[in-house]
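First chain A sits with chain B, and in the next complex the same chain sits with chain C.
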Partner chain A sequence: MIKAVMVMNTQGKTRLAKFYEYLSVEKQQELIRGVFAVLCSRAENVSNFIDAESIFGPDSCLVYKHFATLYFVFVFDSSENELAVLDLIQVFVETLDRCFKNVCELDIVFNYSKVHTILDEMIFGGQVVETSSSEIMKAVEEISKLEAASNAITLIPKSASGWRSR
Partner chain B sequence: MGSQGGFYQSKEFLDLVKSIGEARSKAEEDRIVLGEIETLKRRISDPDIPKFKMKEYIIRLVYVEMLGHDASFGYIHAVKMTHDDSLLVKRTGYLAVTLFLNEDHDLIILIVNTIQKDLKSDNYLVVCAALNAVCRLINEETIPAVLPQVVELLAHPKEAVRKKAIMALHRFYQKSPSSVSHLVSNFRKRLCDNDPGVMGATLCPLFELITIDVSSYKDLVISFVSILKQVAERRLPKAYDYHQMPAPFIQIKLLKILALLGSGDKQASENMYTVVGDIFRKCDSSSNIGNAVLYECICCVSSIYPNPKLLESAADAISRFLKSDSHNLKYMGIDALGRLIKISPEIAEQHQLAVIDCLEDPDDTLKRKTFELLYKMTKSTNVEVIVDRMIDYMISINDNHYKTEIASRCVELAEQFAPSNQWFILTMNKVFEHAGDLVNIKVAHNLMRLIAEGFGEDDDTADSQLRSSAVDSYLHILGEPKLPSVFLQVICWVLGEYGTADGKYSASLVTGKLCDVAEAYSNDETVKAYAVTALMKIYAFEIAAGRKVDMLPECQSLMEEFLASHSTDLQQRAYELQAVIGLDAHAVESIMPSDASCEDIEVDKALSFLNGYIQDSIEKGAQPYIPESERSGMLNISKFRNQDHHEASSHGLRFEAYELPKQTVQSKIPPASLASTELVPVPEPVYVRESYPTTTVSSASSDAGSTELKLRLDGVQKKWGRQTHSPATSTSSSTSQKTVNGATQVDGSNTSNSRTRETYDSRKQQVEITPEKQKLAASLFGGSSKTEKKPATGHKISKSSSHMVEKSHVPKSSMEVASEKKVPFQQPPDLLDFGEPTVQSNAPSVDPFKELEDLLEPTTQVASAENHGSTAAATKSPDIMGLYKETPAGIHNKDDSDILSGLSNPPVTNMLGGTTKTQVAQSSKGRRPNLKDSLQKDTLVRQMGVTPSSLNPILFKDLLG
Partner chain C sequence: MHGMRGLSVFISEIRNCQNKEQERLRVDKELGNVRNRFKNEKVLTPYDKKKYVWKMLYIYMLGYDVDFGHMEAVSLISAPKYPEKQVGYIATSCLLNENHDFLRLAINTVRNDIIGRNETFQCLALTMVGNIGGRDFAESLAPDVQKLLLSSSCRPLVRKKAALCLLRLYRKNPDIVNVDGWADRMSQLLDERDLGVLTSSMSLLVALVSNNHEAYWSCLPKCVKTLERLARNQDIPQEYTYYGIPSPWLQVKTMRALQYFPTIEDPHTRRTLFEVLQRILMGTDVVKNVNKNNASHAVLFEALALVMHLDAEKEMMSQCVALLGKFIAVREPNIRYLGLENMTRMLMVTDVQEIIKRHQAQIITSLKDPDVSIRRRALDLLYGMCDVTNAKDIVEELLQYLSSADFTMREELSLKAAILAEKFAPDLSWYVDVILQLIDKAGDFISDDIWFRVVQFVTNNDDLQPYAAAKVKEYLDKSAVHETMVKVSAYILGEYSHLLARRPGCSPKEIFNLLHEKLPTVSTTTIPILLSAYAKILMHTQPPDQELQSQIWAIFNKYESCIDAEIQQRAVEYLALCQKGAALMDILAEMPKFPERKSSLIKRAEYSEADTAEQSAIKLRAQQQTSNALVVTDQHSANGATSPVPVGQLSLVKVPSMITTENDTSSDHTLSQQNGALSNVDPQPPSADLLSDILGPLAIEGPPDATVQSENNAASGLEGGSDAIDGSAIVPVEEQTNTVQPIGNIAERFHALCLKDSGVLYEDPYIQVGIKAEWRGHHGRLVLFLGNKNTAPLVSVQAIILPPAHLKMELSLVPDTIPPRAQVQCPLEVVNLRPSRDVAVLDFSYKFGTNMVNVKLRLPAVLNKFLQPIQVSAEEFFPQWRSFSGPPLKLQEVIRGIRPMPLPEMANLLNSFRIMICPGLDPNPNNLVASTTFYSDSKPAMLCLVRIETDPADRTQLRMTLASGDPTLTFELKEFIKEQLISIPTAPRAPAPAAAPPAAQPTPQIPPNDPAAILAGLLS
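Coming up: the complex of A and B.
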């Protein structure tokens, strides 16, 4: 089972945090800080796996991947395969990339709810439900379409509408 | 595509994110966020804000909480949003509540109703959003409220809904297995779902169910195997391919499940051999995901009933992992090696140098994994090297959690395999010195006992050697500053017991050291207590030996201090010491016999030696002692006698509520029956309360009943206490004996090992790898399975033999493959890619009937393969038919629908087919357009009125660039 998904930038600012078991806000922050401290101390060209038992308790592994300015971090237990989770991160980022066209950190910040939607299509209640990037895209697009249909209000200033139509 | 790719939020939100991004300190960030919270608090409580504004505020709240600030003031608004009719607002509301609330939150009660309604909605997206909330927010008590709807959704026409409904059910199972135990069969049913996504998702709950109870899912082995076969043969839609691998994530889950089902079950395992072997051959070891599947295959092979051919392939895969440059693969290789050596220990030898490389790697994760492997393969021959390495590593790290773990492992290995007492003591010293108080106190007690009992045999000289070497090393170590408390306790105890035993050190020297300890660690009461007792022992031994005792002046001042200590424990020990010193040799010898820490102390629990005294006293008119049980009985009898007195006393404070007045008829129930119902505690008090205003007799008897009840409990407790106590001691002593045996056996083989090393050294020039490493390798692996016969060139031989194995293996496997596909086994992956599509193109053209036949084929093969137990196969086959009646049809349907969708919506299928290719193309083209894109994004942000400062441009850096 996946325990948590975090996205943080290289300066330690959280960009996305989702915990699949309830934790208090303080505990979440503590864990995020702990993870970031470990990530910072990692050299380049080392493995993408970290022994996370000291942070998350027994039976927990952490896999991270560094993309440009962001760290993508998945925490999970022994029922998942480390290498596969590494590819799951890849699927996630590829999906983001297809969704936002050359995704960058800012896209994730401003489309917070959309990123959550994508993640929810992939991981549901801590279990990986979908691993096909195209299937996820299909679902997310359908959601966007129906949402737009049910909501004809313009939520953004006109100047930015060009962006929307891309 | 990407129509929603723009920024949804207003300029305010942009500004917020920007200013947080540019905050120079945590304090500055906090200030900004607190300001934002104030704004939100003000605006959110405004009754007529438009919906879309509200939606943005809620998202901002989520953002604020993600940054670690309290947003609870807005929770209720998020809950309100879930009631909204607009899909967008509703979904945002659900997103917010799943992030904000937990299942026990007070507001949940307001959501359950909405969830119930939404689960019945016609719009499947509403249903999905509700299911998401169900997973997160429904607890044991609220499960029944939504369970019927969720079960209904398992048959929903949309696969996305079915998938999520299964997960919700799985979540219920995790939270309260009993509430959904009757629905578990649904998971089996969904395994045959037409949609591969639903089938794949079903594997998650099944994996968990099988982990808990393997035996009731054995019947599914054949289904799992045939699903895996279909997946591996690319029968699933193209959309599930990932980096040219057919549905790798599903393969991994299936392999995990098979590993569980085949563990220790020969018959089940035999069904899996073919398909696992196929996957071994087909896996593309150049991609990450291919290696993930390979690794899972190794895990599966090492868990199921062993098959030599598969073990060979697994060993090959491991050696490829270990030889790889990627740290990730090395890590997986080490992990896989740890699994495989349990079955075939000899494969470790082939990889000794690779393992040592990993041990010296700068990557901490890899290092730890390697230590785990070494821990698993420790034997009496290599324990010294491994434990030394572990201790070195332990000293070098700061992570307390891991330090504790590795320290306990060192102790465990040392106790199990110690080659000599000397080494054992020295190792323990190092562990205590460096891991200090992280070591469990039990380890210290164990060590003391071990030193006291010796190694169990009747060899007294060895025991006294052990003790004097311990004393030697401790006196030496005491010179070092700042020792951990636990270690000092051990030192004090040992010095007290054995400090002067062999006559090497004088009492004044040892006592001087002990006084130094007590002074240096003056704020550690436990250590001081240990030191005082040790001093007492030494003086006692001196007196008993007839020598004159003169207390050192510093010792005297110490005692004076302790006699006035705030700690009563220390005070008592100091007084005892004073008393002992005043006694004569004979008395001292009987209270403090030397070297008697292991002698049993006989306790006369009946205190029979007092009988005479008691007799005297009774004769003089003293009251005899009445045990507590009888005493309470007496009390009741006395109550019986003087009712008035009892009534007075029972009218004190009552803590039970007064009963409503009832007819007094009930009170006439005879007391005897009351006593008999005492085991049912609930009705009893009722009787008591009712009856005793009228008849005290019954209340008294019921009182007796209750005391009896209490008494029984006492008895039970005592029984428990004694029982747990005695087995604990007996087991611990037996384990220590075991270690003793292990250690003495070790000695012989250890000498042989050192001999191997010598001969090894004499020929080391011939090999080009650094001699140090080889030495290490030899001491770790050499002589592990075979002994002196293959000394110096031990690893060379094993290496060449491993090559032989590889060589002999390659042609065999390639022949096999050639018959099927003409793709040799160990060829570059490009060729493999060429090979696969031909198979691919064939698959869709096969007509559905043939496909059906194909599906049944494996099962018949299996049946024929089973020479014995053909009846079992016969009884099984109809079962399989039943299970798979649906599946071929489903796959057939799917192909059709794929074609249909392809016709109706060409761009989509194009995208599906070419996903990975376009990805690859993009990355290989050196992302020219990205620059333009990011510039565009930049200008848009500027248009919106936000000027990115110097820090911002990195935010536009492409993640995949």
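Coming up: the complex of A and C.
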């Protein structure tokens, strides 16, 4: 089972954190910090695995992928296949990319709720529920339509993302 | 959903905060705002609610506790419109946990959404339950969720969520899935064409079979079919093809499910599966595209795991190892990582260990990989693959790597090196070298366990002591010495530096100076060890050196007022002791040997291994394997004294304590004393028992006892027939070629085992044979413990039982090979058919190197083991005694040549053979009356009565009368007791007159109706 999904930038700012087992906020933050401390010291061109047991306790594995300014981190137990989870990160990122057209960190920051929805269509209670990026998109669009039916949509133009990013 | 302006503004404000403090202020302000808005809920539009909830979730993600709005979130679930309901479900599943009280309030609403017709509501409800549903949900919602999953009218979007929701509920309460009914449905679900639903269903199946595979056999062929369909890329929609590979996730999950079935019996299914696996194994290449590589190797590694699980033919296994060997050398770091990881898993399949060893060089190279994750895997693998043959190489590599290893890995590395050195040391001096190097290179990471252990080994092995002392001295000569090194050196030099005294630079004074130099650099925990070392050095200095003495006394004087209590106490005590002169010698004598015990290091390693128990198929399998395995590594029972074989995998110590304790206990019985004691028997004309004279001094009986043994035989032969119990006669002559000397006296061990039910039967430098027995009536269950004391396997192990005619014995299979430092248990069933004193023999042989060792050992399945003591009252005794009217049921014999012993000792002896003394039945204090029952398969329990009349004037003779309902039993038991009384040596010549009541003692007044008096009359 997948225990947690985290997205953080190279400065250690959390962009998304979803834990599939209940943990207190303090514990969540401690784990995120622990993961970042290891990730930021990793060189390029090394494996996508780090030792997770020292952070998450026994029977945990961690796979991450580094894209531009972001780390995508999945934590899971031995019932999952490491490389399959790595593929899943790829599907997640590809779906975000489809959704935001050349996704960048700011898309994820400002569309926090949408990123959540995408993740929920892909991982359900710690299990993979959908692996096809087009199926995920279909489901997300469906939800968007339902929301749009009741909301006045205020689109944030992409250019606005130039706001003094740090 | 995107396009909540308020949320975006809030996020950018947070982003603009210069520091954490500002961020906190902004967050607090926002939380106050949201709280206020929720209070006046009436004015909130669904849009507002949604906006605020997302703000709360954002704040929560930033690491702030959001401890309000829970009720609001839960109540939104029941809103009729989608936007509010959605917000309610999302907030509830993010902010609440399954034990939250509010959740229970929502169960009905959630259920209505699940059974309702609105699919979007169904999805929302399922998602929330699938994320945080607890036991309450499991009990009330499971049937509805099952219905959704099976419904043909539902869209795949809903059904795949229902499958995973059911999985969650099943985890919370396994009873919600009715195994009988559900197995068929599960099997039908696997026919699903939609790959999304199929993937979720497969995850559900994995959860179900991991708990109970038996119910789901019918799913097995379906899994194979699914895998075949995917592997052949038949009918796979484009959207489920990932970089050209048909759903790697589903392939992986399917193979995972298959690993929970212990085996595949149906030959057709098995063949199909192996074809598919073969195709995966052979058809996967490393390509340029990283994502394609990852996906294809995800499938490949899972296939490898499945092949390992299925116990494929050796050929296929070798193929797998070859593949892994290729992987650990590729450029792609992920593949290298997993290659090493899977090799480690593969070590559980014993057959392939040798093939894995071929890759040792490459694995050692991986210790230098730029990626620390890979280095860790390499370390794990080296640790796992280490055995006697490669321990030296591997441990030396680890030592070398230690200097350059990351700080984070050093502790683990040094611990592993220490464990391997201990487990597989080809010789002890090498072990000492390794540990000292470890302390030298990574002193900070050496726990006390490690240096305690090396001290134990040195203390317990005399020949190691000068070596270790010289070694630590070399280290002390270096300029910078770690404090742990000072501790070890101080201990070892204190104890053993006198052994070096003649070497240059090793005079007591020089050793003292060397140690004392370090004193200013060490902490208060080390000073006491140094003080003890000084005291010992001083004591060993012969002739006394006045200068050294005054120097050391001055130090003790100085520390007499030390603030640290331990140091102060030692200083005061040593000073006082030193002034006592000769008494010092006793108190400061060399430390006694440590009792053999299991290494706390290894215990720790095992503990941490057990700690990481995972429920993966591989781990489960590993557990199954150990539970079926014959080989147990260490058999210490809770009460160490009765432990059948004390030498576990770690018994590097040459003189296991068991031998000493055993001797201690047996001396309590005054039974299995040195046979040499027999020479104290009044000289009897040696009998012409040539056979025992020739065969007595056999190599396996141990040379120190050889001459004694023959005397023993001579002495025991005085009654004529060869002594069956002292069965040296059964050892054939050709075994003279044995060059292996047994440890301890075999005959003695056998005698001891006749009286107790567990202990060592035989021991030599290579093996220890222990025995543990349970006796019930005429049944006996013995377990032979064959413990290999070596770091190399013992081969051609054979154990053949040569049973006498009266015993039916069945020995379970004895393995041909005993792995290094392993112990094998072989149960032996015994049934007693008739009374007889014949003894069963174990013909035991093994090969070590070029030595073929063969010993014939008597098994302690002797007559007395089938006796049950019984206390008989006078009312029962006399009618019985009378009814056995004379020979052959009642036999009487005057026995001469009895080993003189006090009467109470004789009584104890009989009791120890389960022949129970009935005190008070015989009025003559020089007589003993005893009773017992004998069990055999042929007859019901037989009562046996014994009377022994001793002569206080001549303790070397007595008259024994034995009665039972079976002539053979009477005879055999009489002979048996006789043998015991004659052949039992006693160590010190007990002052007989003191123990035996003087004959002049006034005869007690016996009333006429005293049963004892009647008995006396009857007997005379």
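Points to keep in mind about this one:
In the analysis below, the second predicted complex is superposed on the first by the 151 of 166 C-alpha atoms of A that agree within 3 Å, B and C clash if a C-alpha of one lies under 4 Å from a C-alpha of the other, contacts with A are read in each partner's own complex, and residues count from 1 in each chain.
Just so it is clear, a contact is a pair of C-beta atoms (placed from the backbone, for glycine too) under 8 Å apart; a residue touches a chain by one contact, two chains touch by 3 or more.
As the structure is a prediction and not an experimental result, all values here were calculated from the model.
Contact with chain B, but none with chain C, is seen for A:V93 once the two complexes are overlaid on the shared chain. In the superposition on chain A, A:S134 contacts both chain B and chain C.
Of the two partners chain B and chain C, more residues of chain A are touched by B. In the superposed pair of complexes, A:D51 makes contact with chain B and with chain C alike. Of the two partner chains placed around the shared chain by superposition, chain B is the only one that A:L70 touches, whereas chain C remains out of contact.
In the superposed model, A:K101 makes contact with chain B only, not with chain C.
Of the two partner chains placed around the shared chain by superposition, chain B and chain C are both touched by A:S144.
Overlap of the chain B and chain C contact sets on chain A: residues 14, 16-17, 22, 25-26, 28-29, 43, 45-51, 53, 79, 81-84, 86-88, 90-91, 109-114, 116-117, 120, 124-125, 127-135, 139, 142-144, 146-147, 150-151, 153, 155-156, 163-166. On the side of chain A, the complex with chain C involves touching residues 14, 16-17, 20, 22, 25-26, 28-29, 32, 43, 45-51, 53, 58-59, 77-79, 81-84, 86-88, 90-91, 109-114, 116-117, 120, 124-125, 127-135, 139, 142-144, 146-147, 149-156, 163-166.
By the touch criterion stated above, chain B contacts chain A in their complex at residues 1-11, 13-14, 17, 20-21, 50-52, 55-56, 59, 62-63, 65-70, 86-89, 91-92, 95, 99, 102-103, 123, 125, 132, 135-136, 160, 163-164, 167-168, 170-171, 197, 200-201, 204-205, 207-208, 211, 239-240, 242-243, 247-250, 252, 256, 288-289, 291-292, 295-296, 326-328, 330-332, 362-366, 368, 399-402, 908, 911-912, 915, 919, 927, 929-930, 933-934, 937, 940-941, 943-944, 954-961. Of all residues in chain A, those touching chain B in their complex are 13-14, 16-18, 22, 25-26, 28-29, 43, 45-51, 53-54, 67-70, 79, 81-84, 86-88, 90-91, 93-94, 96-107, 109-114, 116-117, 120-121, 124-125, 127-135, 137-139, 141-148, 150-151, 153, 155-157, 159-166. Taken together, the chain C residues at the contact with chain A in this complex read 1-5, 7-8, 11-12, 15-16, 46-47, 54, 57-58, 60-65, 81-83, 86, 90, 97-98, 120, 127, 130-132, 157, 160-161, 164-165, 167-168, 195-196, 199-200, 203, 206, 210, 239-240, 242, 247-250, 252, 256, 291, 294-295, 297-298, 301-302, 333-334, 336-338, 370-374, 376, 611-616, 618-619.
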